[in-house]
Structures are given as structure tokens and as C-alpha cells.
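All chains are identified by letter, namely A, B, C and D, in their written order; residue positions are counted from 1 within each chain.
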Amino acid sequence: MEPALAWIVLGLPLLGAATLAAWPSEPPRSMTRVLGVGPMVVSFLLTAWLYVQMLGENSDDRLVVSRVWEWIEIGDLSIDVALQVDPLSVMMMLVVTGVGSLIFIYSTEYMEHDRDYRRFFAEMGFFVFSMLLLVLAANFLFLIVGWALVGLASYLLIGFYYEKPPAVAAAKKAFIINVIGDLAMVIAAFILVVELGTLNYLLVFEAAPDGLGRGAVEAVTILLFVGAAAKSAQVPLHTWLPDAMEGPTPVSALIHAATMVTAGVYLIVRTHELYELAPYASDLVAITGAVTLFLAATIATVQVDVKRVLAWSTISQIGYMIMAAGLGAYGAAMYHLMTHAFFKALLFLSIGMVIHGLAGAQSLDRMGGLGRHLKFAYVATAIGVLAISGVPGTAGFFSKDEILASAWDAGDLGRVLWLVGALAAGITAFYMFRLLFRTFSGPEPEGGYGVHPQPSRWPMAAPVAVLAVLSLWGGWIQVPRGWTWIIDWLEPVIGRESIPGQQAELVTLATSIAVVAIGAAAAWWIFAVDPARPKRLAGRLVATRRLLEDQFRFDHVYDRAVVGPTRDLAEYLYRRMESGFVDGLVRGAISLARGSAMGLRAAQNGLVRTYVFVMISGVVGLGALLAWVVTR
Amino acid sequence: MNLAATTPILIVGAGATISLSMGLLPWRFAQRHGPTIVALVGLLAAAVMSLVFWGDRIEAFDGSLHIDRFSMLLNLIFITAAIAVILLSIREPGAVDRRGEYASLILFSTAGMMLVGAAGDLIVLFVGIELLSVALYVLAALEVWRERSLESGLKYLIVGAVGSSILLYGFALLYGATGTTRLGEIAEALSGSTLTGEPLVFGAVVLIVAGLGFKASAAPFHMWTPDVYEGAPTPITAFMSTATKAAALAAFLRVFTGGLVEIEADWDLIIGVVAAAAIIVGNIAALVQDNMKRLLAYSSVAQAGYLLIGVAAGSIQGAEATLYYLLAYLVMTLAAFAIVIIREREVIDGDTVGALAGYARRRPVHGAVLTLAMLSLAGFPPLSGFLGKFLLFGSAVEADMIWLAVIGAIGSIISLGYYLRVLGVAWFGDRPQSAAEQGLESPRLAGLVTVASGLAIVALAVAASPVLDACRSAAESLLGA
Amino acid sequence: MPAAVAGVGWLCPMELNDYLPILVFLVAGGVIAGALLTLGLLGPRRPSAVKETPYESGILGATPVRQRFSIDFYMTAMLFIVFDIELAFLYPIAVTLRDDGMLGLIVLLVFVFTVVEALVYVWKKGALEWR
Amino acid sequence: MSGVPLFWYLMLSFGLFGLGLVGVMRRRNPLLMLLAVELMLNSANIALVGFARQWNNTDGQIFALVVMAVAAAEVVIGLGLVVAVFRQRLALNVDEMSSLKG
């Protein structure tokens, strides 16, 4: 195995991005395409080669740390510039460069009409570099560096359409929430330095069982989880992800669906040695994941913007992964991470074809009946919906069932979480089929589409086709009672993971098929059978709700009429939790800061005597403080 | 006694007097370019001499000057700042027609800072601080035809003189308590004692913290900072916020980590509190500023807080972190001010945040440097600002002052609010068509300083290891190694 | 040398070795500062045009009371102060010049040279001309 | 020890310091403010000289001499600025020089 390959894989996207950025003027589009897509594809091929080489090694020899130079040396603490190449990082590299290549190819067409063609590919290349750095880092400091850089790339790309104020606001929100996570991780790193004197993964994991006290290990893992939750949009740090849909759709597909947002899952799996020492933190992780997956699934049912539906579903799906990781089913979490990358990228890209075809429209109210015009997108979206809903045989089916089955086997807490997960699987099927029907079947929207829907050309269609195949068949790499390639592959990193028992699998299989069927059927009955039904259902509430006058609320009101209590909960969560509690807290903090700033501004009145007076008060205050210190 | 080791200071002082006389010469070329050339040559020579004498401590003038690694490292910081500022002010209106005065005042100020860095004696320390301040009072008011420049100078002078008196009184009390003005002898005299029952030392500590805190513009002694920074000519503002800050921190380290180290347990808390206050006040007040110079002034208040964390830690490790962060702070601040200076030449309202609207898109290289500078100031990994904060917070944790590290971390989050605003405006903003262009030729040398600072921000992070080694040996020399 | 520091008894005429001195400092300073600060605030302030006029035995003043000095007056005064005090340094040097030897002489020459250069500068700039 | 005890030097010094401080805060004329600052610097000088006598060494006296020169430099700069303000026909009132604030 040649670990230098990892450096090349890491460097190529950065090189491409830097070349693009440094190009003195806007380069020709063909040049931009070559410099943008080329490094990505080569990186993917090299990663694949690395993977093949690794397959040839004994499982004991598959972990290599490639160290270049010592970055910092302070006393005993030494931090190297080093990459850790092992099955886990190679798996992440495959996902990042593989899905990334497809999305880059797609973008050459999708962004064709954008004036900032070069900037788009430069920033995307920078993102891929940062993401690879994150997964390849061999110590916590470089993990944090990568972690922060992907946040920066995400900030730049969410704000890509900087003319739109909401995009800039969303970018800022995402960045600030992510920095909160970064800081939690920095503090965790401090604790590790103080307690263990090293930040090197291998040394930390080796020393942790004896070197870290119970409290310290819980603190470290909880702080790391704050970082993970911020990046992976887990409650209560999830509010930035739906807003992040202001970015271009390929960005949403790559960063806010397939790769960056799953970094939290990667982090927990990477540091699982610590989580295994911290039962409380692990339970917290699992419960947070379960709460998130349920909350996000219910909220997704009332969204009108197609990309927001997908954003909430991303939060929900990551909730599954986080829950699995909290319950110790690391293999299942990584498995779902991979299949989710396939089908969520597929969904974003195929919905992106619709948006592209409609010249930018994103509201479900402006869609319907598009299946006749955009057949390819219809089929692709349908495959994605089947996969995410977990229809048997598709990718999502195997991975989601493995998470649920592992939960069933994970004690009392696991059973409760299993119930939540199974229920949410039904809701998932409902909202995804709703998305499918409202977009592609039924009548055209009143007033038409505004433009004639344009089918997409091959650079967009080909990646979608590849992802569709992966979403359909990619799940077969690990089949219950059959073969366990994922678990075998990850064994050098996460140890031999026990596979769920037969009872767990049978119960889960039966339940999930049932709830998915119910959810899909409900969506079919409401949205597909009779196009007038949603309106009729909504009509019953006309007398009691004046909201109907408001066209935008249509959706909310009939949805409420249909599913009743669940729906009420969704509304409640959306209104209270979303706009009320979490945002209220953020808003409160911001207005506090602004208020104090204005106060300070008023105190700064330009008069010398005020300044002298404050100084003297400062002296008196320091004197009092020192007197207290001395006499204490 | 080895006088040779004092050559960097002597060269800078001589350069100051020579460039003053150059301005008086009857030849036009000598008048216009002589002082600048002499100043630059002198500074470079002083930098070379500083590197030549990099080594063990040499005590000059009976121990009142300590020529050691610490003073040499700081010499390099001051000289870098001075060279950058002289390059930045080539076309500055305040400097035209009085090149001689301008260059010599900057060199005098630099010589004062070098005295502070090498001070082994309270008298030298005080003279150094006053030399640097008095020169800056004049420089701040140099554009005498502009009311705001005058106001800035006069305010700085009055408030600064009060600050100096407070500091001087502190020194007087310290002398009264120990009977000596030599820092080394003060350390000996204080060994094994505490503040209990020693009112003189008690008063000295409070007053010195306040007086030096004033020079470093740490809260609550910072209030002059934004006004003076806004009113002064921008290159001078850049000089004040980089070199003066470094000199003040050098004085803190010399007095506290060097001289008063024996009673560290008594003063670490109040310096920690001053640091925390500066971080909170600076970061919050910066949130609502629309003028770049004011914004950077408040940001420099907050940065003074971060720098003081290393002093509060009271350890070699803390001093090392402060020195590293001073280097990082120097280059990121220079980068930010260089861009403000360029904008001031181009448009009329050049020192406002709005003047930067869309600038980064038009000048991507400058935009990239501005981005590096702002992110580094905010402590964004992996830039040098992050590394410096990491080390500073680490030293606080190590010194059992976790609360200080937490306040620093919270301050960093708050600071994103305004650093990001600047970046947002620069990359995403659009300047109204009506905005007035000044149309002056934008200074090429300022562009050079911008790019060089940007590269240095990256280089300090990449080559952190050798730089940290130098900082460590400089910090160790504080305690006589 | 800790003994020298520990013995702060001499600081205070009474044998109180504790915080009394600092307390006295604070009280004294506080009283003076407080009095001056508050006294001005206590009385009513009702400035009027009549009160503002200078008192000249009941007769209205014929000339403005404040005569402005020429700026040159300030210039000369300033320069005098600076050079005067700089030269005060010559006295301590004179006292020890014999003991300091060659080095002392060099230092003295450097000092004098600097002062003279300042004088030349001032001269060339025309600050010594009385217009 | 003969003569006035150190305590009284310190009291005098401290009183002058407070006086100067109040002067800086109460006065509006920059010249008078500079005068007040001089008072503060020289109060420190009294303390220095007092301590020097107490310790029977010259460090404090040298310090005081240096401070005198420094104070002169400061006050001359101040006067220079005042002259500059005067030439701009601005009011000699520090309170009116508050365009920089916020």
C-alpha cells in the first residue's frame, strides 16, 4: 500500500481550486471544466486504486499513519502534519471523491448559465480538499482544521448567490453555528492535551482507558458531540441546514446531503474508543439522534419548498446514523452514511433537474404533472424515493433496517428508540411519496409552469443514472444472514461488530415493510388518486380557519386535517421549537450583544474626562479586586 | 559590559537624527527621498544586528539594558512594523513636505519600543515608553489642517499623560518597596514575600497593571483607543495598533513575568480580569462599528485581551504564547490596515466598512489577503491567529484559569459577528453607483505590504515549529536564561 | 534581602504594620477629590451675561480683558523649557565625569550633539525668528 | 532618623496626585489640563525623592530627574498642539473636541 497516494488525493482538488482562483481573468468554460472536474475524477481513481491496494493487505496492515513533518512542538505536546490511512478513512474518501465526481460532472451543466462559473468550481474544489483533510487527519488538531475549513467552504457556497440577502443571512447563520461546534471541539482537545498530553488519535485511544478519568472522558465525548451535532445538524443545532438550501442545488447535494453533514457520524465512529468509555455520552448521542430523526421527519411533511423537504429529510436520516452510532452500531451507521450519500445525492440531483427545467422554481405549488415532461427526472426521483423510504431491495432498505435491528438488540433504551425510528420510517415514506406525487403526477398547477419544462442533457443525466443504479443496488453489499462486507471492511478500525439477532431482524423487517406501506399508501390516497382531494380535505376547515385565504397556508391546513395528531405535533414542533425556542434563544443572544454594544457606544462620548474617569474607576476596581485576592 | 550589543537601538536612534537632518538639506532629492531611504536602511541594519546578537543575555550599562533573545525578537517585531508603516505612508498627505520629521518620529518611537523590549530597569522602561508615546502624540496630530487629526493627538496626549502618571506612580511605589529600580534586584527583593502587609507593592501592582493596560489598550483603560485610532493618519494607526501594542506587552512581560514573578500568585487574577474585560468589551463594542478604523480599534482592544492571557498565566509557556501571538497579530493587523489605506486613496469615504463593498471581487488577491487577515484575527483554524489563541488558551488552562479560556472562546464567537461582516461586505456587497471615487493613484508599495502580510499569515502557521522554538527561547530568556 | 521589604514599619509613624497606610491614602485622596468634585455641583449655577462680564470697579471695561499673546511667545517659551531642562542633565554628568572616564565623555558628547542638532533643526525651521 | 518622616512626603505626593487627577477631569482648557497632568507627574517625583532618601540611594533621584525631562517634553508637545489648534481657529475647549466618539 502506498500512503503517498492519500497525499495526492488530498492535494489534487486544492491544486485545481487554487489554479482556478489564481487564474488572472475568467478562464474559458472548457478550461474551468477541466480544472474543476479533472482533479476530482483523478482523485477518485487514485482512491479506488488505494482501496484495491488495501484489499491486498492483511487486515492488520491496513492502518498506516503517513507523517511528513512536525508542525508544533510545545513541551511534551507534539503535533505532526500527518494523514491516517485506514479502512474508515478510505471508505469516506471513496464516498467523497466518488459522489463528488458525479456531482462535479452534473454541475458543469447545471451551472452553465451562471456568471460565476469559475468561482463555483474553485470553491467546490476547496470544499473537497477540506473534507478529505477532515477524514484523513491523524490527530485532533488537524481534524479541527478540516472541520473548520469545511465550515468555511460551506459558508462560501451557501452564500454563492450573494445578491440574495437570504442567502447571505443563511451563510452567516450556518457559519456561526458551526463555529460554536468548532469551539466545543477545541475545548475537548484542550482537555485531551491536559489529561493525556497528546492529540494523536492512536496515542489518545491507547492512553484513554487508563489516562482519562470518568468525568473527563464524558466531558470530552460530550464536547465532541456538540461539534458533531453542529456539523450534522442535530437538535438543537439543526436550524442552519434548511436555510442552507439557499445555495446552488449541487452544493446542497454534495455538502448538505452527501458528505459534510455526515461528518458528525464519522467523528463519532472515528472516536468510538472514547465513546465506549462514556456510557452517558453515548446515550445522549443516541437519544439526540432519535429526537432529531423524529422531529425532522414530522416537520418535513409540511414543507412546501422541494429543497427544504429534502433538507429536513437529510436531518432526519442523519438522525438515524447518529442514533446508531450512539447505540454502538458503528458499522450500521457507516453503512447508512454510504447509502444515504447515494440516494440523497440522487434526490437532490434529480430534483435539481426539475428546478433547472423550470428555470429555478422550487415551490411544490408551482409543480405537479411534471412526469409527462421530465420522464427521466421522474424515474430517477422515484428510485430515490423508493430507496430513502426503505422499499425492500433498495439501498435504504438494508441500511435502515440494520440500524433498527441493532437498536432492537440494544437493551431497553434501544427498544424505545427502535419504536421512534420505525414510526419515523413510516412518516418518511409519507413525505417522500408526497413529494413525488405533488411534483410529477396530478394536474399542472394553476397558471402553468411559467416556462416550458426543459429536459436535461447528458452531463446532468449521466451522474443521475449512476446514482440511481447505486441507490437501487448499492445496498446489496451487506445482506442480513448473507454477507457483511461493510463490517468486515471496517473491522480493523471498529473491531468485530456483532450482527443483530434473528428476532431483531424479523421484527424490524415486518414492521418496516408495514409502516412504509402505510405511509406510501396514505400519500398515494391523498395526493395521487384524486387530485381534488387535498383541496376537499382542506375545504372542510374553511369555516374554522381563515388561513385558507392565504394561499401559502393551504398546504399546512389540509395536511393538518389529514394526519391529525401527528400533524398537530409537527405544526407544534415547527412553530414552537423552530421559530419559538431555538431561534428565540439565538435572537435573544444577538439582541443582548447588540444592546450592550449600543450601551458601550453611548458611554464612548468623546469627552476626555469620561475616559479619565473610567480609567480611575478601573484602578479603584482593580485595587478592590486585588485586596480581595490578598485577604482571601 | 558590552556596548556592541546595543547597536540595534543606537542605529535606530542615529537613523532618527540623521533622517531629521536630511529633511533640512537644500537638495530636492535629499529632502524628498533621503529621510525615507535613511530610515529604511537604518531599520534593516538594526534588524540584521538583532539577528547577529541573537544569543545569550548581555547586560549593558550596568544591567539597565538586557540584550537577550526576548529583546531581539521584539526588535524584529518593531522593525517590521516600522518598515511596513514607512512603506505604507509613502504618499500619505501628513508626510508630504516633512519627510524628515515623519521618518525620524517613527524611528524615535521605534527606538523607544526597543528600549522597552530591552529594559532591565524601571527608569529605562519608563523612558522607553515615554519616547515611543511622545513621538506618537505628534504623529497622531500630524495632519494639523484636519480637525480630527488634531483632536486625536490632543486627546491621546492628555489621556496618555494621565496613563503615564499612573504608571510612573506605580513604578515609584515599587521602588519604594524594594529600594531599587533594577528588575533583577526587584525580583530578588520580592522573593518569598506576598502582598500581605506590603501596601506599597500592593499599590504598585494595581497602578502598573493600569498604566501598562492603558498602553496596551486593555479595558477599562481602552477608551482613548477608538477615538485616537480613527482620527490619526491611517499608517500611524497601523503603527500604534501593532508596534505600540507589542511594546506594551513586552513591558508587561518584563515587569510581571520577569520582575514580579515571585508574587505571581497575587497578580495573575487581576491581569486575568483585565484580559477578560478587554475581550468582552472590545468584541462587543466592535459589533456596531461602521468605520473600519474604529472597528479595528475595538478589535485591537479584544486582541490585547487575548495577548494578556499569556501574561496572566505567569509562565514561560504563557510568555511564549504571547510572543507567538504578537507575531501573528502584527501581520494580520498590518494586512487589514494596508487594505484600508489603499481604499482611502481610492475613494473618499475609504475608512468605512461600506467602502470595501465588492472590493474583494474586483481585487481578488487583496480580497484573499483580507479574508486571511479577518479569519486569522477571529482565530479560524489553521491560520496563525488560531494557533496563537490555541496556545494562549492552553496556557490559561495549564495555569488553572479555565474560566479565562472559556471567556476567550466566547469572545472569539462574538468576534465572528464583525469580522464576517467585513468579509461579507467585501465579497458579497455592492457599492452604490453614486459613491464618490477619489481617483488618486493607489500606492504600489501598500500593495506589496498587503501581499507580504498575507503570505506571512500563512507562513507563520505553516512554519509554526521553528517560530515557536524562537519564541520559547525568547520567553526563557525573560527569566535570565 | 526580604528583610528590607518586610520592614515597612517605617512607612507609618504609628506602629501599625497593616493596611492602615493604604487606607489613609485612600481616605485622604478620596476626601480631596470628592470634595472638589462635589462642591462645584452643590451650588446653583446660573450664568448670565452680566455675571460673565469682568469686574472693573463698576465701570464697564473699555478694552477686552483677555489679550492674546502672539504665537511666537508660546514658541519661544516652549523651546526654552525643553532646552532648559535638557541641559539640566549636564549637572549630574559634570559631577561624575571624572570617574566615568572615556566612556562618560563619549556619552556626554553624544548627548550634547543631539541637543545641538535639535537646536539646528529649530533654527533652520525658522522657529527662532520673531515676526 | 531625623527630619520629616516618609509618611508625610507620601501624603503630600498623594494629595497632589489626587489634585492633578481632579484637575484633569474638571478643566476644559487643554492648557490647564496639561498643568494638572504636570502636577500628577511631579507628585510621583516627590514620592520618588522621598523613597530615595529613605533607602539612601540615588536611583529615585535619577528617576525624578528623568521624569522632569519627560514631563517637559510632554508639556511642550501639548503646547505645540494647542498652538496648532489655535491656528485652526478652533475653540480652546476640550469638550468641543468630541467629534470622535461612539
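Criterion: a residue touches a chain if its C-beta (ideal position, glycine included) is under 8 Å from a C-beta of that chain, and two chains touch if they have at least 3 such contacts.
All values reported here derive from a predicted model rather than from experimental measurement.
A.B. asks: Spelling it out: a chain qualifies if it touches subunit B and also touches subunit C; which chains qualify?
C.D. replies: Per touch definition, common to subunit B and subunit C: D.
A.B. asks: Suppose each chain is reduced to the average of its Cα coordinates; what separation in Å results between subunit A and subunit B?
C.D. replies: Their C-alpha centroids are separated by 42 Å.
A.B. asks: Approximately how many whole Å separate the CA-defined centres of subunit B and subunit D?
C.D. replies: Result: the chain centres lie 26 Å from each other.
A.B. asks: Approximately how many whole Å separate the CA-defined centres of subunit A and subunit C?
C.D. replies: 68
A.B. asks: Quick one: report the Å distance separating subunit C from subunit D, using the average Cα coordinate of each chain.
C.D. replies: 5
A.B. asks: Using the touch definition from the top, which residues of subunit B touch two or more other chains?
C.D. replies: 155, 158, 162, 179, 202-203, 226-227
A.B. asks: Two or more other chains in contact with one residue: find those residues in subunit D.
C.D. replies: 17, 21, 24-26, 33, 54, 62, 73, 80, 82, 87, 94, 97-102, in rising order.
A.B. asks: Among the residues of subunit A, which ones contact at least 2 other chains?
C.D. replies: 601, 604, 606, 608, 612, in rising order.
A.B. asks: Could you list each pair of chains that touch one another?
C.D. replies: Every pair of chains in contact is listed here: A-B, A-D, B-C, B-D, C-D.
A.B. asks: Which of the residues in subunit A come into contact with subunit D in the complex?
C.D. replies: Residue positions touching the partner: 601, 604-609, 612-613, 616.
A.B. asks: Can you check the complex and tell me which residues of subunit C touch subunit B?
C.D. replies: It comes out as residues 1-2, 4-6, 8, 11, 17-19, 21-22, 25, 114, 117, 120-121, 124.
A.B. asks: Taking the touch rule as given, give the residues of subunit A at its contact with subunit B in the complex, in rising order.
C.D. replies: My answer: residues 21, 69-75, 141-142, 144-145, 147-149, 152, 159, 162-163, 168, 171-172, 175-176, 179-180, 182-183, 186-187, 190, 193-194, 593-594, 596-598, 600-601, 603-604, 606, 608, 610-612, 614-615, 617-619, 621-623, 625-627, 629-631.
A.B. asks: With touch defined as at the start, can you tell me which subunit D residues reach subunit C in the complex?
C.D. replies: 1, 5-7, 10-11, 14-15, 17-19, 21-22, 25-26, 54, 62, 65, 68-69, 72-73, 75-76, 79-80, 82-83, 86-87
A.B. asks: In the complex of these two chains, what residues of subunit B are touching subunit D?
C.D. replies: 122-123, 126-127, 130, 134, 137-138, 141, 144-145, 147-148, 150-155, 157-158, 161-162, 164-165, 168-169, 171-173, 175-176, 179-181, 226-228, 230-231, 289, 294
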